[in-house]
Structures are given as C-alpha cells and as structure tokens.
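Below, chain A partners chain B and then partners chain C, in two separate complexes.
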Partner chain A sequence: MHLDATSTSSLFVSGGLGALFAACHSHEYSPAEIFRLTILPLILRRLLTAIPTLLGIIILSFLLMRFAPGGPFDGERPLAPETRAALEAAYGLNKGLGTQIWLYLSRLAQGDFGPSLIYRDFTVTELIAQSLPISLLIGGLALLLASVLGISAGLFAAARAGMWQDQALMLTATLLTALPTFVTGPLLALIFGLWLGWLPVSGQGGGGAWLLLPVIALALPVAGAVAKLARAGLAEILGQDHIRAARARGVAPLTILRRHALRPALVPVASYLGPAAAGLLTGAVVIETVFGLPGLGRYFVQGALNRDYPLVLGVVTLYAALIILFNLIADLIYGWLDPRMRDV
Partner chain B sequence: MRIPLIITAIIAFAAFLLPLVLPWGHAAIDWDSVNAGLFHEGHILGTDDLGRDRLARLLVGTRTTIFVALAAAMVALIIGTIWGAAAGWIGGRTDEMMMRIVDGLYALPFMFVVILLMVVFGRSILLVFIGIGMVEWLTMARVVRGQVLALKNRPFVLAAEAAGSPGYAILLRHILPNVAGVAAAYLMLTVPQVVMVESFLSFLGLGVQEPLTSLGILVNEGADEMDLIPAALLLPGGMLVTIIICLTLAGEKYRDRMAAEARA
Partner chain C sequence: MTPLYQASHLCIDIGGKRIADNISFAIAPGEIVALAGASGAGKSMSAMTPFGLTHAIASGSAMLAGQQLIGMAEKDLRSIRAAQLGFIFQQPLTALTPHRTVAAHLTEAACQAGGARPSHKDMAAMLANVGLSRPEERLAQYPHRLSGGERQRVLIAAALAHGPSLLIADEPVSALDAALRRDVMAMLTGLCRDRGMAMLLVSHDLAGIEQYADRLLLLQDGRLIESGAAAVIVQKPRSDYGKALMAATPRLDEALPPLLAPGAILLEARNISVHFPKAGWRGGWRGENLQAVDNVSLTLAKGETLALVGGSGSGKSTLGRAIAGLGPMQAGTVIWQGKPLPPRARRTAEHRRLIQPVFQDPLASLDPRWSVAQTIAEPLRWLLPAAERGTMGGALVTKLLEEVDLPAEFATRKPAALSGGQAQRVAIARALAADPQMLLLDEATSALDPLVAGGVTALLGRLQKERGLSVLFITHDLALARRVAHRIAVMENGHIVETAPRDTIFSAPQAEATRRLIAASH
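So, the complex of A and B:
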C-alpha cells in the first residue's frame, strides 16, 4: 500500500470522527486478542498478495534477461559451436523457456539461486549469503540514524512552527533530500577520510569506524524526508481541537506531546517506511561501490555491468522480497500508531 | 522562486552555448598537456589524465544531464497525462483498474527496473531517458487524474456536454487546458528527480556512455582522483547539487502557488 503524506493527513481532517472511533474502542482488548483479530489477518492477507507479486517480478525479470541481446558466452572471439553447445547444456540454456523458468523457480524454492557467471568459483546463493549481512547492517543502522535524526528535527521544527528554527531546519531537510548519495559519499570520504584523516575511506578496517561514513551518507537524504513528514504530521495534530482543549486546561506541553500528539504525528513517517527502504536499498548500491564494501548492491552493479543473469535475477528477487517485507512492517507500525487503521 | 530559476537558467545557457566557443571538445585529447593545471595553454580548468579539457567536459556533462532530464520529463508528461486523463475521464471500473496498475508499479523498486532495462536492451542514451520517463510518469498520471476528476462535474464541462460536444473535444478543449498548470508544476518537480536518476545510472556506468559524458560520469571520475585534485569531484558534484536544489526549490514554490490558486 502506498500512502503519501497528503492522503494520510486528510484522515485527520475530520476531528469529530476520532471521538466516534474512540467510543468503539471503549472495550479494552487483550494483546492476544488484538494480535488474533488485527495483526494476524493483515499478515495473512499481505502474504496472499505478496506471493503472486514476487512470482510476477521473478518471471518478468527472468524473461527480460533471457531475451536480452548478448549473452554470457559472447566474447571477442566467437566460440566454436560445440563449445557453445556444451556450455549451454552445462548451464541448462538449451532447454525450452517454460522448462527453464520452472527449473529456476523450483531451485529458488530450495534457496538455490544458481551459479554466478562472473564469479566462477561461487554460487549466487554464496555471494548473497556473504554480502547480505553487510548490506543489512549498513541499511539498518542508516534507517535507525535517519529516524532518530529526522523525527527529532521534525518535532523540534513543528514546536517552533513559523519561527526561524523551523524555516532553517526545513530548508536543511529540503537540501538533504536533494543531495544524491553518490556526491555526499565521496565528499564525506574526502573531508573526514583524506583531509582530516579521522575515518577510513574504504574497506572494513578500524574496528567499527568503517561503518560511520557509509551509514551517515546513506542516512542523510532519508533523514531529510523523515524530518519533513514528522514536522507536517505534528503541526497538523497541534492545530486540532483536543490539543487546544488540553492546552487550555494547562497541561504541560511535554505531556501533551507524549500523551496526545506524538503517536498520530508519526503516522506519515510510518507510511514513508516502505519507500524509505527502497531508497536505502538503491542508495546502498552507490554507497557500497563508493566505499568499496562487498555488499549486495556492489554485486548487483557488477552483475548488471557484466550481464551475469543469475546474479542480477537473484539480487532483484531478494530486493523485491525485502521491499514487500518492509511495506508489511510499515503497515504493522501504522496500525499500532493509529488504531483507526486496524480493521476490527 | 526567482533566484533558483535564474541560477538554473545561467547554468543551462552556459552549458548549451559555451561549448560552442571553447577551442576544445569534451572528448578531444591534447597530447601536449596531460594532467595540466589551471590556465595551462588555454585549458582554463586544466586537463584530466587523458588530456581532455576539464571545462569542456564539465559543460558538456551538464548539457547532457539537462538534456536527458528534459527529454525524460517530457516522456513522463506525455504518458502520465494520457494515462491519467483517460482514467479520470472514463471513470468507473476502467479508472479503478488503471490506477491499480499505477499503484502496483509504484511498489516496484523503480531504480532496479531501470537498471534491468539497461542491462537487457544495452546502454544507450535513448534508452536512458525512455527508461526513466517510463518510471517517472506515475506521479504525473495520479496528479492529472485527480485534476480531471475534479473538473469533470464543473458547470462549464456539463454545459459543453449538454451542448452536444463529443467527449474527446471536451477533454481536449475544456479539461486539459485547465490541467496544464498543475501538470507543469509537477513537471518542474520531475526534472530534478530525473537528473538524480540519470546521474545515478551514469555514476554506476549504466547510463550515458563514453565518449559522451554527463555529470554522473564526471563525479565518478572525480571520486577516483579526489585525493590529488579535489576540484575534479567538487566541480561536477557542486554543479549537480546546485541544479537539483534550484529546480526542487523552484518546483515546490510553483506547486504551492498552483495549489493556492486552485483553492481560491
């Protein structure tokens, strides 16, 4: 599900509706009940659509790859026909298209992504197993950093709405979202790695210090987007009647924020989690290339540049699965933040 | 909105006109001055390790980036407008199905789709902008559909219908002109996004190919020699960031103004 900031915020326009929903929720559900009634059906429904989507993506990219002009055995010198035939037989390329897809899918189901064509000594599964942890580590840390930075900046800006702090922060956020990672990455490496000499510029040396620059470079644009969404969300909530009422009664601002405003204000941020995950995956492709890290994205680029079909297919499949997973997590967080989104 | 647009205009003019007067082409090799410094024998910014004039490469790279961005944005505009207008105008089940397709495509990791296309159909500049345009039309389709839906039941459209105008004439003559303003605002926001995608692909070596150059390629080359010549990274990087930021700021201002006008 793709929800942008405007469509989510429009949900809050009808303030009176909230009271109605609150009344429906007067019966308290136990956590187990909530899981059985809301979370479990959501997960099941998502899996029901996720599997055909994933299958569609796999088959489509498989067909695209198979009909691509040029193949892995096209060298500068044409191969002898018998050599070519032997190679194609070894890799199963001489079978019918339907058989090839079926073979690929049934091997995929067993976790076998096939042999890599450029890294001859490895299977794609081995390459993924080696590189996925690095990518997940960088991506996860970047997501964490972006959320913390973005949410706190956004909340602060909303609390100072219209003042210079707000304008300065929002301009910074716009600038951050406009900075491409392939410029910030080398730039950070130049400043902190080469000029100041504080941090390593490539590889995985120096304890955990090698993580710092890639994670920061990856997190900055996402942090900017999160800050904008958090600010918009909170500013919208703060203008509503129940907040005004609380204020008029003299409730402390921090209590208002914690008790009444924070959760609904973060709904737009949660809805951005899916796109953010996609953005981090794309960003990681560049960041891993820039900082020389053997992650998933780097193998993807190498595979794409060298027409390594099994490798590219495997990574695309994995990316698609990850993005579907992140959208599911986003939906769960979404339902937790805003009970009106649960289908009881 | 004015200052960012002026800056962009200056950059665009420089990128399109100055290469015509420079004595060096962007791919011409000056064997007598390889790795030359500033102002060396007419090379204002010096030359790179292959003896190519850095200023000419920077300007031509900027030109390529702007050109690809405009062309791809036009592809996005055309597909998006046709798709969105058709969905909004026909309505009902067709509308629902067409917008489902857009939703589904939104969920795809679009950068990987473009890369997949590049891998499959070979890397050519034509494909770069067709590929990018094909992905970037989604938002345009949504915006145009929304506008068409809002306009469909306005009195002047109903009047035209009552007067017996055929559907396509109403769409062309009465609805699309009213969509144009908002579409233009989103077109302005699409351009910096396309700039980003194109330079991303070129940076990875999957977009624009040598001997042609683009800002993405120059950033990549600059990153390789930034320890010796920081300007090789800073100039194309700075140029790219300036273009993206200026267009984004101007586009956001323009969009907000269009939204305010629509409310009034």
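So, the complex of A and C:
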C-alpha cells in the first residue's frame, strides 16, 4: 500500500496509541455483554490456574533458597553457636522444612510476607511498600514511553517500507535492543548529567527531572523491540486481502491504516509487552543501581546475596503474581485486537 | 447503447514486462462480460489495473462513464472506486477485516460514496437481498463466525451497498463448492439484471461463463484471442487455444471417454468411522465429537478409479486419509487383497508403499528447499533397501521424470522454479517412486487451471493404464469424476449415500444428494 507524505506524518504525530484508542468501537454488543460472555470466563479460568501456579513457584523458590549454600547469619565473624541457635529459633528456621513452608504459606494467605532477616527493623511488607512505588513509577513511565515511541516508529517505518526512513528507524531499533541498560544508563548519565549538566544523575530530587534519565534508559531497548514488532506486524497486515478489499471500496489510506490495519498489526506487540511489563514494573536492578534509586530490584538482589529468605520469597511471589496478571491483561488485549482469539 | 466502460488498446506492464497487450472491449449498462483464459493469461491484471488496485502500470485507454482512468491521480481514482465501482475478490475467507463486524463492513460500504449511515433495518435488508439467512443476527457477528459462502455473500452485499454501476468480480465463486457456486452466480446475475448494473467477470469456469455471461473475452498470454457471445464461443470456439481450453474442461454432456476394465478387488474398506473432538474448550470439556465419517464401506478393484464426490465438509478427504493410513480412524478395517492392513501406527514401510497420496496444492506439498531429484528420491530412502538405492537412485529419478513428461534437466530445480502443473507432476513422480499399487488423489487437479489440469488428468490416465494403478479420486467436480472414474461414490455428512457406475449415476441418480450435485454442476 502506498501512503503519501502528509498522511504518514500525521499518523506519526497522532501517535500509535491515540489512533489505537480511536479505532475502538464495538457498538454491536453492549460492554456488559462483552464482559459477561468473554472477559469474565477468561478471568475466572485464569484465577483458577493462577493459584496452583503461584503455590508451585513459592515452594520451588523456597526450596532452591534453602538448598543454596550459606545462610542469613553467616558473616565475616562466625556467630556464637548459642546466638545463632537463638536467632534461628526466633525466626522459626530450626523447624522442619515442611513446617516452615506451611507456616510461610499460611502467613502469606493473611497478607503477611514475614520479617526481613537482614533489615531487621523492617518487615518484608514494609520494604516492598517503600520500594515498589518507585519501581512502579519508573517502570510504568518507561512502559508508556516505550509503547508510544515504539508503536509510532514502527508504524511510520511500515508506511515507508523500503525507504531510507524505514531503514534508519529499523537500524536504530536494532541498536537499541542490542545495547544493554548498563551501557545506555551510564552513557546517558555521562552525557546529560555530567557533560551537559541538564539532568540529575542520581537519587530522587524535587520535581520530576530525576525520573527522566532512568525512565529513558529503561524504555529504550523495549521501544526498539516494540518498533520492530509493530513494523513487521503492520507490513504483514498491509499485504493482506482485507486491505485490498478496503482499498477497492475507496477508503482513504489513513482510514485504512487506522480502521483496518492497526489492530491486527498490534497483536505481536501485545504478546511481547505483557511479560515485558511485569519485568519493567517490578524493578530494574541495573537502572536502580546506576541511578542510585531505592527500588524493589535492588532489595531483591541484596536479599538474594544475603540469603534473606522472606525478602526474596516476597519479591518472587509479587513478581510471579504480576506476570500472571500481565499475561491475563495481554490476553484481554488480544481478544480486543482480534475477535478470533475470543473463541478459544 | 453507449458503453459504460470501454477499454481500448489497453496494455498492462509489471516491471517492464508486458502481461496484457492491446486489449479492447466495452461493457454496456446491465451487461455481463467475462474474461477467461488459463492462469497467467493476464485476466485479473487486465480487470483490476485500470482501477489502481494492482502494482502494475496500465497504458492505452480505459474510459468509465466518460472519464479517462489511465493516468488519473490515485486520489481521484479512489473516489471513482468509492462512487461507481463494486469489487468482489476470489478469497472470501480473508477479504473481510477480522476485527470488524458485518455491520461495520456494511456501514463503511454504504457510506463510501457519501451515502447516509444505514440503519440496522437497512443493513439487514441488504443481507437478506443476497440470500443470507437470519440477517439480523449476522450484523453483530465477526467474519470468523461465518462460513466461506456466508462471507462471500457479505462481501457481495458490501460491494453492492452503495449502488455501483459496474461490478468487477474476480473469480467470485471459485473458492466455493459446486452447489454454492450456482446459487451465488445466479444471485449476482439476477442483481445485474434487476439493477441494470454491469459486471466484468473474471473466471476460468467455462461452464459457468456459458450460462451466466453475455459476452466472453478469451485471453492467452496477455493477448485477446477470441471474443463474442459467450454461449457461441464455449460451444464452438474458433481459435486453437479456445478449442484446447474447451476440450480440457470436463462437461457433463461430453461423450464418455473409454476406460480399461478393472481387475479383481484390491482394497476393501469396511465400516470406517472417523471423529474429531469438537473445537473450543466447551466441546472438549463435554467430550463432544464431530462425526466426520460415519460407518462407511467401499471397495476398489485393481486398475479401477473410484471417484469420491461431495460438497466441502462431506468427509471425503477424511475418508481417503483414513484408508491410506494418513489420518485418524476410530473404527473399521481396511482389507488389502484379502488381508487386513494393521492400524495406522503399526503399518510398516511396505504397507505404506502400497498407497501413495497426491494432494491439492502442489507447491505446498513440496519442500521448498529440496531439489526435484531429492524430492522424488525421498521415498526410495525409506522404502528401498540401501544397496538398490545407491545404484539405481539417479537413473530412477530420470525415469520417473520421463514418466510424468518432465525433461531430465528439471532434476536440479527447486519448487520455486516450477509452475503449478510442473510441481504437481513432480508430486506425482514422488508418489510413483514408491512403486505403489494405489494412488490417493485428493483434489489433485482442482488448484490448476483447465488446460494444465487437463494435461495432468491425461497423464494420470496413462499412468493408470501402464502401471495398472487403482485410484481413489477425491473431487468436488462431478464432470471431472465422470471423465476419469469407473464408479462414483457420493458423500454427504460423513455417509456414502450412493455408489454407481459413471454411466448410470447420471441417467438414474438414486439419492437426493446426487440429484442436487448434478443439478448444481450444470
């Protein structure tokens, strides 16, 4: 399909997401009916399978942690045997493994993640409550930025398939996906923080400026991947029969793109973004370390290194629950993008 | 009458290659003109390119209602398409946008020429007009819920929604089965007559053209070979090409070609049943099954061809696959020369050698990365002892290529360098490599155009004579079955409703399904 310059650039400006929402109209069924017939059964089925999945993940991580060498009370100087015994008794580590798992699970069922063994003044719930909002904020903004940037760039490239704009964008996208965040993060900090002095490079200052660099560094590789998926998706859809049929009806190129091509083209993007979102939102260790932010990712790594069993289990449980949740959301989005998937 | 559409000295080029040369024709309002010819003759390109729907470049003149289309800007061409033209494409399954409901398609179509948004009632009337049952219900449905025939009717309703003066129909029914073809064509021609709408019909179905078109243009390699009244050309073509094309097209009223008398019973299928679990988690949950083949028996003699005919979904392919051991079979036995063949999982290479299949889509059934020689030699690897293979392999490939009338140079080609007919000949050579006693031909010629299909059918007849092959010939084309088969078995809903020799089944059809099929084939 050939698109003229004005239509592609206005598409680019309007942004993939804007057009995406404009394309939404399911006026034939009432929203309540759609929910009852397709969404509710899917959610119920997922919840049913989510519980055993979560249980399995918790038990497996619990056992893996315990079989790893070392323990939470091993330090430079060995503790006196009676101190160690007293500590283990206090945290219930002297009971049988089965009992411990049972106790952990029954506390978890009441919403209690247990005490942290390393940060002894805090419970795991408190640690997560402190750090999760930062991770959610950075991850959420990065997710949004990556989607808008990636989808717009991908659609623009597909509309200019084979031309220099397409090639330049796809080369950039490949570079972005290939560069790890521990390269782009410090590089951005170096350029915009140290050399140009425009943005803070560490910590949380006043206002929102401190967010910019970590969010951009986190979003870039995801944006690259999304751009490639969106471009491939749209290029494939534009060659399909239903697009030719719409052209035969005399539909304008931009309308064809928005009304007939966009939703099916975004299916691969949705399938990638589901699991990627869970990863972004639960804390990026590298970014949090590079920019000195007290997010969840750092606690997770600290906890794992120090054998802080409840902290690691808490984060793993949260992460697994989020993955399950985002896969469910991705499936709901599939169903919206392509009604054929609602029938499975 | 002044013509509505007039193409004069129309030429079509793709990448510097001329694919249609100096074609002139005119269509008056209310007239139906057919473009026919073998595939690659340039019919679709000649029909679509002047309207800006292909990548090709048109030159010459194409006037629609006094406006020159050649050289017109895409923007203006688009508004002409929207206002005056309706298009129907070959593939009903993919021509509707999957995430848009039938109502959304009809609304877009009705508004394309600037018309008012149609009400629910208007749209239901449009669907009723093209013979779709329960139109109210269809409006809220998505395309994937509809069958191929239903989707084609929705596409036709959409093509007509804005009241076009010219309908361009590119093989509008070739993806549908025989009974549906007749219904849809009758409906289209009826609509043309009623509305005074003109139609440019692209088709290779000569029997259909004779019946429905006023005039026929016969194209060969991009040139207009013959044109005139459709019935006259189909009955008495003047050009050699026309004669060859008509001769290759099986007709129910042609003289029965002779066949060799069959020998003793080779294969007997007893009480075959095949079922599949119903799709979707609900069906699977309740353990519901779809009965594809229900307690069917048949026999096949040495050197005999038995045609299995029926509409799509009647179970003919499933039955063929079950007998050949290529698909599942829940009940029944296959007896080969008096001895039962073991179930599919326990058939040895020797058992499998006996029955070899040839499928409908020749290119899809060849590995694109294998050369023709590798493809043909593959069965030898499993079915012949290593010693014989080493010494005979190359010579055997050459001999098999010769047997299917392909030159020996083809051995090094890849499937991408083969035409559809050549690829099907390679697939036949591969089947013969195993030295089978029976062939399972599943719509083996229906993806090919009439001339090529005629050649492949003749080849299969010759091979049957030379090798004494038995053939289970699955087809939806009754006239073709009549031409090649000793006996014809009619399937419907998983049952064989009638089996009879080819000369009696047409003169005295017993089952209702047979009568319907015969009526649909005329």
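Simple rule for what comes next: the second predicted complex is superposed on the first by the 305 of 344 C-alpha atoms of A that agree within 3 Å, B and C clash if a C-alpha of one lies under 4 Å from a C-alpha of the other, contacts with A are read in each partner's own complex, and residues count from 1 in each chain.
In the analysis below, contacts are C-beta pairs under 8 Å (C-beta built on N, C-alpha and C of every residue); 3 or more make two chains touch, one makes a residue touch a chain.
Source: prediction; values computed, not measured.
When the two structures are aligned on the shared chain, A:T174 is found in touch with chain B, with no touch to chain C. When the two complexes are overlaid on their common chain A, residue A:L337 makes contact with chain C while staying clear of chain B. Touch criterion met: A:N327 reaches chain B, while chain C stays clear of it.
Of the two partner chains, chain C is the only one touched by A:R247; chain B is not.
In the superposed model, A:L97 makes contact with neither chain B nor chain C.
More residues of chain A lie in contact with B than with the other chain of the pair chain B and chain C. In the superposed model, A:V316 lies in contact with chain B only, and not with chain C. Comparing the two complexes, residues 2 of chain A contact chain B in one case and chain C in the other. Those residues of chain A whose C-beta lies close enough to touch chain B in the complex are 2, 53, 57, 61, 64-65, 67-70, 174-175, 177-180, 182-183, 185-187, 189-190, 194, 274, 278, 281-282, 285-286, 289-290, 300-301, 304-305, 307, 312, 316, 319-320, 323-324, 327.
Listed in rising order, the residues of chain C touching chain A in the complex are 51, 53, 74, 78-83, 85, 87, 89, 91, 94-101, 103-104, 108-109, 112-113, 139-140, 142, 144, 155, 158, 280-281.
Considering their complex, residues 2, 25-26, 28-29, 240-242, 244-252, 259-260, 263-264, 337-340, 343-344 of chain A touch chain C. Of all residues in chain B, those touching chain A in their complex are 103-104, 106-112, 115-122, 192, 196, 199-200, 203-206, 216, 219-220, 222-223, 226-227, 230, 233-234, 237, 240-241, 244-245, 248-249, 252.
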